[in-house]
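Quick one: the structure is below, questions incoming.
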Amino acid sequence: MRQSLILGLAGLAGSVIIWNLYTMFMNVPDEMNQGAIFRIIYFHVPFAIASFIGFFAGMFCGIGFLVKKNFRLDSIAASFAEVSFAFASVTMITGMIWGRIIWGIWWAWDPRLTSYLVCLLLYAGYFMLRRAIDDPTQRAKLSAVLSIFACLDIVLVWKSIEWFRTQHPGPVLSIRNGGGMAPGMEAPIYWNLLALVLLGTSLVLIRMRQEDTKREIDSLRRYAHGM
Amino acid sequence: MANRAGFIHQVLTIAGKDLRSELRTKETINASVSFSVVMLLLFSFAVDPGAEEVLQIAAGLLWLVFAFASALVLNRSFARELSNDCLDALLSSPAESAEIYFGKCLTNFVLLLMVELVSIPVFGLFYNVFLPAGWPLLIAVLLLGTWALTAIGTMFSAMTVNLRLRELMLPILVYPMMIPALIAAIRLTTVVLLGEPLGENWIWFKLLIVFDVIFTLLAFALVDVVLVG
Amino acid sequence: MSPAVVIDRVWKFHGDFPALRDISLNVEAGSCLALLGRNGAGKTTLLKILAGLSKPGKGAITILGKDARAPETRSLTGVLGHGIGIYDELSAFENLRLFATLYGVKDPKKTADEWLEKTGLDRVRDGLVREFSRGMRQRLAVARVFLHNPALLLLDEPFTALDDRAIAVLQQLLTAARAEGRTIIMSTHQLREALALATDVALISRGKLAFSGERTQDMLDDPGWLYKNYGE
Amino acid sequence: MANRAGFIHQVLTIAGKDLRSELRTKETINASVSFSVVMLLLFSFAVDPGAEEVLQIAAGLLWLVFAFASALVLNRSFARELSNDCLDALLSSPAESAEIYFGKCLTNFVLLLMVELVSIPVFGLFYNVFLPAGWPLLIAVLLLGTWALTAIGTMFSAMTVNLRLRELMLPILVYPMMIPALIAAIRLTTVVLLGEPLGENWIWFKLLIVFDVIFTLLAFALVDVVLVG
Amino acid sequence: MSPAVVIDRVWKFHGDFPALRDISLNVEAGSCLALLGRNGAGKTTLLKILAGLSKPGKGAITILGKDARAPETRSLTGVLGHGIGIYDELSAFENLRLFATLYGVKDPKKTADEWLEKTGLDRVRDGLVREFSRGMRQRLAVARVFLHNPALLLLDEPFTALDDRAIAVLQQLLTAARAEGRTIIMSTHQLREALALATDVALISRGKLAFSGERTQDMLDDPGWLYKNYGE
């Protein structure tokens, strides 16, 4: 049952993406001052947004665990965090490639970039914390608490850095604000977002199952060692 | 939750205990003071203190020093309870998790302020920055910023107390968290040092306060979950 | 006589692993329960839950009619765990005063001094615990546990690594406590010392309650008896 | 002291053990890498990374990052032995204190180099500093500087394990100890980054070497006293 | 039979507090010495010195004719302290191989596997120690101590916090060791378990050697006997 659900979601996501690729390269014209490379936005942005959705979904599952003490929720929370982290890395990489081509540099201390980096670091800490705790109950609880702190923090980070950097704006922003896209050009972004959400969900389901099995094995081992 | 009076009383008892044993073996305070002095020294080699624009970055360096020195204090905060399972003894007493947390916060707050009081003059010497006109504001910023470090740091000190890699995890988890507070503190301090008008920088002040309030409340709400397994 | 402690179908999970499985047990007020079981049976886990140091996964604990985590409950219980729970950087007196204050004892200073005397530590009143020998630490720990005269005592392996004399001291303190009608629950592997004191016995094996009941003469005659008949 | 071959064999055994258990969990490595990224991030708020003179201070920042990241690795070094009194087990085995010390040094050296290998490119990316012409010299400086951190840090890590000495010496001594080495490393790195001629900066190079030699020998001589109470 | 261990007028100071005062004692090869004494008597201190973990302040220790700190000596002794001295992040096999290598055993891998089998840990050969239960850890620790078949075993409170079954296992391993003619010195407070094994007994009180000699029947009959007659 769940097997087929996963496959279904993944398949759907795949087909949407393929269709998008077609429209992107066949229908959508090059952007005037960036040329072909601008198409990277069709992945860059959806990945970014999808990652945010994932991080916050993870937090809510964490809260859910704290309330319900149901380890399934912890598994889901962890899976969300991981998948989102993967997505975020893609955003990062696509972004950096894009930056290398458009700005000629890999990285600029632009507000959005910086805050995104912070966001990634917060979750890097989240994973390290999970790995550092052996007792599954403790792990679930602490990582839930951490994700709550992290998500609240991300909001503040986003705002504060926005203000901080704009005190002395870099060359970056001018390019960014050229983002008033023609609707035809913008549509694929949302389609890709949809595709990524589907894909993400299926990945989460897979990871969740792995997490459950891991916990099961862990408990069996403890039991075996008890005798 | 014990009644209000009881709450404060317990908090003070715990803070008093920590401060006493800390001030007896000046362990942590020595460590973090000497640490921050050394950091200032190193910075002064990294960044030519003679340069004009030093005032621009002075605030940044200062707060980095505070942030790093605080790690030492925060690490010990709950670690101190580990030696003889003292944490269990505290938790099994009528003291609430929240009371323990705020007791620790208070201690750390005081200790951090001590560290800062020592390192600020040193800083002034190295970088010949002198007490600016807007020093009352500066003090306000110091208090708010330090509380930000304390509130979050103490909470995470509690979270990581039972980990194998305590002294490792704490900085990694805490520093990214602190960034908004640090940014705000840095900007405000710069403003004061440069003697600029506060003007639209009020927003940073607000941010700092919001940060303090949010995370204090959050810690208050979650600390019991963290401490009681 | 109403039960002082009611353990009602308690489970405790580490992940999916049940460290405690469906434990139900009543401890009469004024009785002394010896909590026995092999390594990893779940004794410490259960005691921690009773002490309010961790929450049961399922089931409920009622201590003297109240929930285990309630501050009122905890001010009525005295807990002595593996670690002795006293501060090395503080003096004997400061330690006791600290806990007396936390437990809301009327006159902390006086109480602290009283107990220093009772445990024969008054000559080292202001000595730092760091410099105490193990025996002295243990006595101080006992003072800490008794000083708010708790109605319920929870002791996890109190005899471990103690010499005969310290054990004797502890035993007579506990006997006195029993005489004053306090309830005692202690886990231990030193069956002789435990059974000498116990009125009741509970055997946990792999998180399950394997036996609970009065302490019988057979147990005294052969401490291994319980394991032989009820251990797996 | 066992014969020479035996010495190296024991050292490798111990280093191998540490590296294996470290690379299994990768905890320390991950931690210190992400820590150094965090520090680069924090610095970016203190020092305007867009500015021209960033090259002037780049070296300073880099070495500060290394120094602090190293603290994490070094902390764990002997702390790893504490959990089950493993240190006693090692010391009661035929392994000499010196062999244990150099085994640990080797591990820390490798780990620190790993951390640096990761954080240098990251640094380059973030601050747009690119591989300078004089990179062979840079590598030499890296190796010497890292060994300086390792030799001292490992020694003090050994001291902290020995409880009686802990609160007295460690915090107050270790950081100041490193200052000369750090200064030398910073100067040299700056020279390389700015592509200046080495010229009279040779003196720093010499200083670094002398520093390494002295403290390695010192540690070699004293470690037995430190470990065997 | 020449003495395996010669302790000659040994003093040990912590600051100016003498933890050991002028201790002289010979342990015959192949005998099993029970080192008794109250908390803080100095048992651990003495054992640490014998194990080469600390140096005597005054006096000399000779083990099998050599100094205690000499590498050759240490390759002939097996030490089991309060902590079990095995690494949580390594597998059972890796732990044993590590120490086999350090002790210069001929074929470390083979030896490690042999001992895993002897202690019944071969089915968890590659499991990380972190996941082991207390009993398994203890057995691994014992394997670590035995694997370079040492001529002298130094055990500090080996029975502490072990359940009856674990104690039985340990006891039979030690009996076997005695049969193979190894010398054993162990400190403990669990007099019954200790005296059952011991051939000789030494009582330390306040750092002084209060009694040393054969284990007599009286001691077996009444474990408290020694303290009654020779304890202060």
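A, B, C, D and E label the chains in the order they appear, each numbered from 1.
Quick note on the criterion: a residue touches a chain if its C-beta (ideal position, glycine included) is under 8 Å from a C-beta of that chain, and two chains touch if they have at least 3 such contacts.
Keep in mind that this is a model prediction, so the values were computed, not measured.
Fewest touch steps from subunit A to subunit D?
1
Name, by label, each chain that touches both members of the pair subunit C and subunit D.
Correct list: A, B, E.
Greatest Cα-centroid separation from subunit A: which chain?
E
How many degrees of rotation carry the C-alpha atoms of subunit C onto those of subunit E, rounded to the nearest 5?
Nearest-5 rotation angle for the superposition: 175 degrees.
Distance between subunit B and subunit E based on Cα centroids, please, to the nearest Å.
The answer is 47 Å.
How many Å are there between the centre of subunit A and the centre of subunit E, using C-alpha atoms for each centre?
Centre-to-centre distance between subunit A and subunit E: 56 Å.
From the mean C-alpha coordinate of subunit A to that of subunit B, what's the distance rounded to whole Å?
31
I need the residues of subunit B touching at least two other chains; which ones are they?
In subunit B, residues 25, 164-165, 169, 172, 176, 179, 183, 229 touch at least two other chains, as defined above.
Multi-chain contacts in subunit E: which residues touch at least two other chains?
133
What parts of subunit A, by residue number, touch at least two of the other chains?
118, 121, 124-125, 128, 132, 135, 137, 164, 222, 225-226
Which chains touch, pair by pair?
Touching chain pairs, listed by label, are A-B, A-C, A-D, A-E, B-C, B-D, C-E, D-E.
Subunit B touches which residues of subunit A in the complex?
Checking each residue of subunit A against subunit B gives 66, 118, 121-122, 124-125, 128-129, 132-133, 135, 137-138, 141-142, 145-146, 148-150, 152-153, 156-157, 159-161, 163-164, 167.
With touch defined as at the start, can you tell me which subunit A residues reach subunit E in the complex?
134, 221-222, 225-226
Flag every residue of subunit A that touches subunit C in the complex, lowest number first.
Per the touch definition, subunit A meets subunit C at residues 69, 71, 135-137, 215-216, 218-219, 222-223, 225-227.
If you look only at subunit E, which of its residues touch subunit C in the complex?
So the residues of subunit E touching subunit C come out as 37-41, 133-135, 157, 160-166, 189-191, 224, 227.
Touching subunit B in the complex: which residues of subunit C?
48, 51-55, 69, 71-72, 74-75, 77, 79, 81-90, 94, 98-99, 101-104, 144
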